[in-house]
Every structure is written in C-alpha cells, then in structure tokens.
Amino acid sequence: MQQTERQISLKAAVIEAIAEEFRRDPETFYIGEDVGVAEGIFKQTQGLHAEFGDRRVIDTPISEAGMFGLTVGAAVAGMRPVVEIMFSDFLTLVMDQLVNHAAKIHYLSGGGFRVPLVLRTAIGVGGVLGSTHSQTLYAWPAHVPGLKLAAPSTPADAKGLMTAAIRDDNPVLYFEDRMTYNLKGPVPEGEHIVELGVADIKRKGSDVTLIAFSRMVHVALEAADALAAKGISAEVVDPRSIVPLDTETLIDSVARTGRAVVIDGGHESYGIGAEVAATVSEGAFDYLDAPVMRIGAPHNPVPCSKPLEAMMVPSADQVVAKVERMYG
Amino acid sequence: MSPEDCVDLYRTMVRIRVFEETVRRYHIAGKAPGLVHLCTGQEAVPAGFISVLRPDDYITIYHRGHGHCIAKGSSLEALLGELLHRRGGVNLGRAGEPHLCDPATNNIGSTGIVGGSVPLAAGAALAAQLRGTDQVSVSFFGDGVLNQGVMFEVLNMAAIWSLPVVFVCEDNRYGEFTESATVTAGERYQDRGAVFGIPSDTLDGMDVLAVREAAEQAVGRARRGEGPSFLVFETYRFTGHHVSDQQEYKDSEEMRAWEARDPIPNYARWLADEGHVDDVAIARIHAEIDDEVEAAAKVADSMPHPGPEDLGTHVFA
Amino acid sequence: MSRMTFAAGMVDAVVARMHDDQTMTLIGSAYLLGPAAEHPALNAVRERYADRVIDEPPISESAVAGLAIGSAMSGCRALAHFGLAAFAVEAWSQFIHEAGVAHHQSGGQITVPAVFVMMHGIMPIEHSQHSRSPYAMLANCPGIQIVLASTPADIKGLMTTALRSDNPTVVMNHPLLMAMEGEVPDGDFSIPFGQAEVRRAGDDVTIVATSHKVHVALEAAETLAADGVSAEVVDPRTIVPLDRAAILSSVRKTGRVVVVDDSPRTCGFGAEIGALVAESAFDDLKAPVVRLSPPDIPIPRGTVAQTPFRTTPEKVVGAVRSVLR
Amino acid sequence: MIDSAQALAIFESMLLIRRFEETVIDLWATVETEGHRHVYIGQEAVGATIMELLREDDLILTTHRNHGHVLARGADPGRALAEILGRADGFNKGRGGSAGLTVRAAGFLATTGQVGGGIGLGIGAAQAQKIRGRGGICVTFFGDGGLEEGIGFEAMNIAALYSQPVLLVCENNSVGVTTGRAQNEWSSSSMAAETLGDIPRALGIATEVVAGESVTDVHEAASRLIGDLREGRAPAFIEMRTRRWPGSRSFNPQLVTGVTDLDGVWDPASVTGEHADWINRYDPVIGYGRDLFRQGRISRSEIVAMNERVCRTVEAAREFALASPLPSAESGLTGTFA
C-alpha cells in the first residue's frame, strides 16, 4: 500500500490539533482577542469560529489580565480552555493571574482543584513589529513552578504537542514562533500525541550537540549542514518542551559528543540557554571536551527596524563560529 | 423564610463569630502563625448571602474569608486544621489562610493578591454558561479591590457576555490600614458596576435579612440568565486588618457607632420580636455552637503537621 | 561612620536625595521601613515635601509604575515602593515595555530615572503569593538595572547610585536584612553599579551569593574554615550590570563554584552564573557548578513547611562539600 | 470663534498631516519597506487643534497612531518620515518605526505599542508638571480600545484622587463601525459602557463628548478643559468621536478615497464616487476648508498656495527620508542604558 505523506503548515497543524480535540471534547473552548470572526491576526484560528461558533470561540475585549484570569476560573470549574495571548510580550499583562493563581491553585488546594488550560502565544522576531511585539519570553514562566511549557519546531510536533497540552491537567504554555507559521512538513492525520518532556533528536551526529528550541532548531540544522561540509558531525537535539525538560536525553547526547552549543531565540542573559548550559555542564561535567556555549538574543530591546531586528535572531553562522572556537 | 431558616441564619453568624474567636486564641498561642484576618463584625454578609446559594454554585473569596467557607459548608475541623497548618487541613496544611479553598463545596477560594480571585469567579460563571447549567458564581471581595484594573476588566466582560456572576463588595471602610475613601475616586462605589449597565446597589451589610433579600434578587437574576449584578454592602470589621493590628488609624467614636450595629445581637432581637426564639433558645444556640467549635478545634489541634514527603506533591496534576 | 539598620541605611540615601533633588517624587513611603520602625528624617521629608510624597497609593500596581515612569520620562525622578515583589508582578508590562525600552527605542532621547523598590524572598511565615524572588525574570529583559544589596552600607551606597542614575533600577531587599545593623559611612556615599565585593577571601571554593544569602554564605564559610576549607564569598551587589570579571577571576583561583540565592532554580540567577562560569572558566573548573536555590515548588505557608525552602548555612556547607569531592 | 491666524494655522497643520499620510501610504506601495503603520486620516481636526492649544512645556503621550500628533506639534516631517521608514536619520535612529515614533524635543515622552500603557505614563508626566508648578499639563492620546485595559482605569482613579493636570483624549475612530462584523475590522474590542465617558465620570472626572471632525467643536471643548487644567481643576477627559475613514485597514491602510482633492472645498459638486458621503460629511480637511472658505477667511488661491507649500514640505521630507540610510546592523546593539 502506497502512503503519500501529507504536508501541511505548522499553523494548520496547530489548528488541526485544536479542532480535533474540540470535536472530541465538548468541554473545550477557545478564547482570546480577535480570534473569532477575524480568525486571529495571523489567521492562526482559521476555521475554528466557523465550525465551533460564538459559544466555543470567544472574542474578548483588550483586557488580558481579566480575560486570562477568567479562563483560569473556567478551568478550575473543570473546562479545558485554550486561551490565546496574542504575543508572548503580553504575558507581562497576565503575570499575576499566571504566576500567583494558575500555577499555584492545584498545589495550594492540596490537589483538589486542577487548572487544565493551554495558553497559546506567539514568540519570535520578524516582520518589524518592534520591541513589544517581538519578544520570546518563555524563560519567565519557566521560572515558575506549576507551569508546563512547550515550543514546537515542526508541524508534526506542533500538532502532537498541542494535543498533549489540551489533554494535560495542568496549565501548559504553548509557544509558537510566528515566523514558522508557514513552514510545511509531514503531519500524521488523526490523533497524534507528542508527550511533554520528551526531546527529539532532529539530526544524528557525533562531534558536537546543538540544543535548540522552536525556530532555532532550523538554525541549528542549517549550521549542522555547514559544519558537515567542514567535517564536523553535529547532533541537533530539540527538547520540544521546556518544562518538563528532558535532561536525560540532553546530557546523554552531550556525554557522547563532549561538546554543546545551546541556541535560544530569547534574550541570552538569564535565559533558557543559561538553564540548559548550567544543567548540561553539571550533568555531563566529566565528558566535556570544551565549555558549553550559549547563543541567544543580545541584551537590548528588539528595534522596530528591518536591519536591526535581524541582529536579534541567532544565525547559523554564529553557531558555526562557536563550534569552530571549540576546536580552535 | 420558615422560622427554622431564620434561626439557621443566626446559627451561621454565631458559628462564624465563635470560630473567629477560636482562631484568634490559637493565633495568640502561636499555633496559627502568619497574618490572620478575622471577619468579626461582617458575619451578616457571608451568612445572609450564601444562605441563598446551592451547593453546586461557585464562590470565590478573599483574605477575610473564613466566614464564607463556613457558610458554604466547609468542615470546621478541616478549616481550622488548615489555619493551624496541619496535614488534615482542607488544603493539606499548605495553603493556610491566604489560599483557603474547598473543592468539596465549589469554593474556588481566597487569594493573597488583591482582586486576584475576582476573574476566577467570572470564569466559573462562563463555564456554567457554556455548559448550560443554571449554576451561579459569586465573588466576594473587599473595598481595596475597587482600584484594581482587573476588577474593571472583568466587570466589562461580565456585562458583555451577561455572565451568571454576582460581584459582592464588602465595604468595611478600610483597605488594610488606609481609609478607602482616600484612595477611591468618584462619588459612589456602585457606579463602577453601573457604568457597564450592570444592576448595582449599595446596601446595609450589618442587616442579615437585607443581605439575604438582595442576594435572592441578584442570584435569581443570574440563575435566570439575566446577567451579572454588582452589590456593595456597607459593613465594618470590629477587629484589625489582622489580629496583631492595633487599629490606631480608626476613630473610637466611629468604632462605637458601628459596634452598636453588631449584626448578631440585632438579629437576635428581631428573632425574639418575631417570636422565633426566646432567651433560653438563644443561650442554647450559643452553648451548642461553643461546643461544636471546641470539638472541631480539639480534632484540628490533634492533626499532625505536614512532613517533607508532603512538600513536592501536587506541583503538577 | 554610624551604626544603623539596613532599612535606615536605605532611607538615609532616599532622604538625602529628596532634599537634594527638588523634582523627585517618593511613592509608597509608608512601605520603606516596614510597619514597626520610625525614622524622624523620613517623617520630616514626608511633611516638608508633602507635594512630592504619596504615602500610600491605591492598590493599583501597574498605574503606580506608570506614575513613576511617566514622571521620570518627564525629567522628574521618582521612587516607587511596591511593598512586595509579588505585588509588583502586576506592573511587569510597565517595567519592561515602557521603562526598559524607552531609552533604546527613542534613540537615546528619553531617559527613565526611576527606582522601583520591593521586598523579595520568603516573608516570615507568609506564603507563595507573597514570597517571591523574581529578579532573574527582569534580568532576562534588557534595560533595567537590578540591585541586590546585602549590608546597610551597601544599600545606602547603591540606593544613592540608583537615585542618581538615568536608568530605571529595581532594588529588591530581603525582609531578614531590614533590621540587620552595620557601620554606614556618613554623608554622601555611593557605590558604582557592576562592582562585586569579595566578602571573604579564600582559595578552595567560590561561593557567589546575593542579598540575604551573602550572610548565610559567610556563616557557612566560617564553619568550613574550622574544617580547613577556605571559601571565598563573592557578592555581585548588582546583577544587571553583572561584574562578570570579578566572578571569573575568583573561579580561576578556586576552580569550584557554589551559587547561593533566592530565585527559583530553573532559569534563575544560578543558571546564569553556572552558564557563565562553565563557558568562560572552563579550563579552570575542577567540578561542576552547583546551584543552591529554593526548589521549583510554590512556597507553602507555615514555618515547618517552609523549611526545605530556606537556604541554611548547613545546606551551603553540604553543597561546598559536594564540589570538593 | 477661533481667531483667523490660529484657524489658518490649524488648517495648514491638518493639510500637512493629510499630505504626509498620503505619502506614507504611497511609499509603502512603491518603495521596499516593512512593518505596519497606522495613519491619522480622518482624525486631523483632533490632533491639529489640540496641539495648537498647547504650550511648549506641555507633555504628550501617544500611541501607534501618532503621525498626526507629531507633525501638528511642529516636529520636522523629514526626520519623522525617516523614522517611519526605519532610517538612520529618524528621530529614534530608526529603532521606533511608525508605531514608536517619539520626539522628545517636541514634548513627546513615549509612543507606546502597549494598549493603555500611555494612560499610566501620562499620570506620571502630570505628576512631574505638578512638581514643576509652572502650569504645564500632560495630554494623553489613546484609542477607544485603550480603556479596555485595567491600567487605564487604575490611572484615571489616581489622576482623579490627586487632581493631576492630565487631559485624557480618547480618539474613538470606530464610530459607524460595527465592531467585529465589518470587513477588515478586528472582532474583539468591546466595552459594555454606553459611552466611554461614563467610565471617567464614575470616578468624578469632568468629561466631554465631542464630534472629532469639527475643528470648532474640538477647539471649544479642548480650550475650556485645558484652561481648567492650568488652573488646577483637573483631570479632564474628552471622547473625540470620528467616523472611520474608509481606507483604514489594520496594519495596511489603502488610499481608497484617493489623494485628497481640494476642489471639494469650493466646489462640493466635484466630490463624487463611492466615498463621497464620507468626504462630504466626515472629512475634517474638506469640512474645515469649507468653513473657512465660506466665512471668507481664506480664498481659493490662498488654499492652492497653502497646498503647494505643504506639498513642497512633504516632498522635501520624502527626499530626505529616502536619502537617509538604513542603520547599520551593529548600531542597534548600543544604547540600552543611558
């Protein structure tokens, strides 16, 4: 039997996961700004309102704190909402409800209440949207016990992680780099689950481990190609979820290769890269042939400028240069 | 209301007051550490309002929330156990007062963040609306919440979507140690709900029957799908913001005037005037409740503290 | 030199700047000392400059931040005290999207001379919504200086610098420091940002510690010294800017690092130091960097339940022994 | 009545904004450029009139829809356009772009992309003005969505409590738009309040609702309220209601009404086509031109001369902006701290 693998975009894969779960579970609903008739500012909710209607795809006023808190309340009451915060920059507006409520209600209720919600949000630099619509703020919630974080890099992972996130009984933050929305790839039809906390080796290698998140996985893969041409075999590991973090796979890979570079689209200082570098440096200490290196966004706001914002995104060239330094 | 119901309302208020006195005693003895916020003087609002709710209705409360838990039917042992930080507490002794909640009574609970629980109540109302049940959600909060942006955002959404939620502001005149009138602009607090077209009113929060009547109307509206209400109950805490607060910022004249409006003896007089109780019955009620709370306290105080094995459970479901 | 508490050292700096800078606004002055203490000079400032002092603003954290930032952008310095860091999270958007980016995004036209003060760490007996040390979150966003002082002299010197700086500065203080006493230089006294202080010199291990944990580390160092282990305690004092050179030079000497602070482990201050050291002092490192921080669990209420969250000298000693092995 | 010199200054300012915005739209269609932009067409009467009433030391907060405010305040159109195009000679070195255009020298403190964020900052600027005690005020412009964020409410409460000299100008350009259902409109924004002014009124703030197309109405209300503010009767709130310009598209405005033809001022019959109704009833430039023309305060030839002058200014701005280089990539890595 011949099977042609279906190719769809990352955005379509996320929508497909949501739609399938919504059909399966009537206790789900989608809530956010401009997500209904307008279908989202990136068309990231295309078709949902048409299929599920006003009651299950809800437009809110521009009131992130109230709207998110309200969603937490609905989740506590047992529903499974997917709530969209348009840009991860706007997490700043929901910090109280996220950090002080959603993350703690299960623990502090002694396990009696659960908060099964998905917070869907866009990250990434591109399209010149400026300093308050371009940040990758996933290091912030990673810091808060009680929250899970997923960040897909491929359409298939995007579908699988979203399905897992909706079925999870905890608040899961789901980060999509908006510059990967149109990236196409094979995606299984029907139920497809990628468990949170399981890393994926996107490319096998033996000389150096490139650990990359979300869109940076593609930067790492590009760098791996360039390194291969120089005779260096790079392994690319995509943790896929930030919390829980699959430290075992990461440390195992670095123990094999002896070298690691962490590539993260967020600000480098105090970021996810620091967490992974510290974890790997500790866990693979005896196997390291070179220091674990980090590449992230520089420590300045994202300028609203085409040439300047390009500097905010780690490049394959930077990765290659770091790896070459390890051999230098 | 039947005479029994009328007397039950009285029992609830007395139970709350005796419970609070017990908590104070344990706090002073060092067994309920941390800041302890009592609702002594404000009993009429939780007792009167929650008396019209069903067990499956949701409530959210705030740091002065022991009374609401009791009125909603929480076990006194588990409640007190929580305040004594015991493993048998309603939240395993980890939430303490600021996070008191009780899944068994659909009490989504309290919060340490001013205004933090208000959107949760609206969310539970949204869930009821989406599921098509006729559950109602009630958010109890203090006057300090009036200046929180999230309160305003949620009022707007509740109005737009006609959510089955009642916003109950317990205006006890002080936000911590600050007189609320000095930090809250505008003539009437209720206008903050009225601007969104939400039926809003200001009522006597020391009169348990007035509270109950207003609750019946507002909860009835919500249950019939007619949308939210915003009620301000004027009340007064007879104690400090927390137990150790000496209340130097309050005027003694003002305190005396409000103490004369104590909801419990006033309601006892009304019950007597109506012929529902006599002095003997009142004395018996007090004695029974004293025994009931004392028995609960004994159980709570015998519960063990949580141990290291209780630390890391329930971070994730 | 005068002997005074940490709280008094901070207020000393604030009072002096209120006198010297007639455009400065002080918001939330009621929280500066905590409820118990009295400070006549602060009371005098409250009375004398009533127009420039808002003792207790409404419970509207984001608007209070806006008030301070907008005033600062207009050229009138402002200090806003939020009480607890846990409450200040409601103002995060104003911090990072307005204060943090204004100078850069305006191409240098706008400065934001604002100082945001808050308490961090486990409040005595208090619970998770009141006990947070979220400074690493702010450090992950550009444009905000972050002060974590550990002594009365330092808080005076650093607060003075913050109140002269043209950049927004967050000052986080630990409650257990507030009543701690020490010698404080009289008169005008400032400490530049980005200069770590070696609190105790040593050869065998570097303990990088901030805020209240500096004292915990020093106590541990004392115990270790009795066992013949020589620990160096480095206090960065500001984590943005961070004195990377001082930390690295200590690590190059000792080859072993323990990081002790109050931020949660994941993506915390320790992660940054761990990654920094692992990358830039790789050849000198004799053991993995160990991070000693509260576990990634919400902080429960109650003295007993909080025990695992409190970093004690014994725990520091244990961590040091683990890197010496 | 507005005196003639001021009236003509307002009209010229409005015309400058209109020609400038037409150029912005044209540049996006003809020159390689990126990012979104919001134009001020249809709202010129508000910005031009209020700026005319301000003093040099007054302070201003604005939003992504700022071009008109910046120009009306007298900022150099060349450097403004350079910033909008992200060029090195822009007021913000190309870092702010259209939505972040900020000119400190003209009194602008921040142009914020955070909905409602400026309302919070505005009370701080008002606080600074109070401290300085020279009668300066702050004007905060925001859109009708700005009040949906809680910070706006928190800030208005504080402004009312401390009588801060801030004029809150809510530019409601959604009149005539069925929110959420009309084509090219976002579906979210919604307020349960019957009129937006009810909200500040509940906090005891003096409130006016004004037809934002009318220079006369804007002038009457704004000059009175600004006078109140300077005398300590503060704060104040104006809702400026303008009819949505048909070319308004989120992120990508289109010149569907064509380049504004000033013949419509003296020859109303020349206005034809699909959007004639908007132009005749709601276009503030044509409308105010007609007022002044009818009153005999400006002649046809004077309008033509004014238009030529304005077009020359905009053309020079365009040349300046296009000649300015893009900033070097490294330049963005500096200047995080002062």
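First chain written, first letter: the chains are A, B, C and D, and each begins at residue 1.
As a working rule, contacts are C-beta pairs under 8 Å (C-beta built on N, C-alpha and C of every residue); 3 or more make two chains touch, one makes a residue touch a chain.
These numbers were taken from a predicted model, which means no experiment stands behind them.
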| item | value |
| --- | --- |
| A-D or A-B - the one linked by more C-beta pairs in contact | A-B |
| Centroid distance [mean C-alpha coordinates] between subunit B and subunit A, Å | 41 |
| Approximate Å spacing (C-alpha centroids) for the pair subunit B, subunit C | 37 |
| Whole-Å gap separating subunit A and subunit C, where each centre is the average of the chain's CA atoms | 31 |
| Interface hub residues of subunit B, defined as touching at least two other chains | 93-95, 99, 111-113, 116, 147-150, 152-153, 156, 160, 183-184, 315 |
| Per-residue overlap in subunit D, given as positions that touch at least 2 other chains | 94-96, 100, 112-114, 148-151, 154, 157, 161, 190-191, 335-336 |
| Junction residues of subunit C - those touching two or more other chains | 57-58, 60, 62-63, 86, 90, 93, 97, 104-105, 127-129, 142-143, 295-298, 300 |
| Touch-based graph of the chains, sorted into line, ring, star, complete or other | complete |
| Residues of subunit C defined as touching subunit D within the complex | 22-23, 25, 51-52, 54, 57-58, 60, 62-76, 78, 93-94, 97-98, 102-111, 142-143, 145, 165-167 |
| Residue numbers on subunit D that touch subunit C, as the complex places them | 59, 61, 90-96, 100, 102-105, 109-110, 112-114, 117, 119-132, 138, 150-151, 154-155, 157-158, 161-162, 335-338 |
| Residues on subunit A engaged by subunit D in the complex (per definition of touch) | 32-38, 41, 59-66, 93, 127-133, 298-301, 303-312 |
| Residues of subunit C defined as touching subunit A within the complex | 86, 89-90, 92-93, 95-97, 100-101, 104-105, 127-129, 132, 134, 136-137, 139-143, 240, 263-264, 266-276, 278-280, 282, 287-291, 295-298, 300 |
| Sites on subunit D touched by subunit A in the complex | 34-36, 86, 94-100, 112-116, 145, 148-150, 180-181, 185-191, 250, 326-336 |
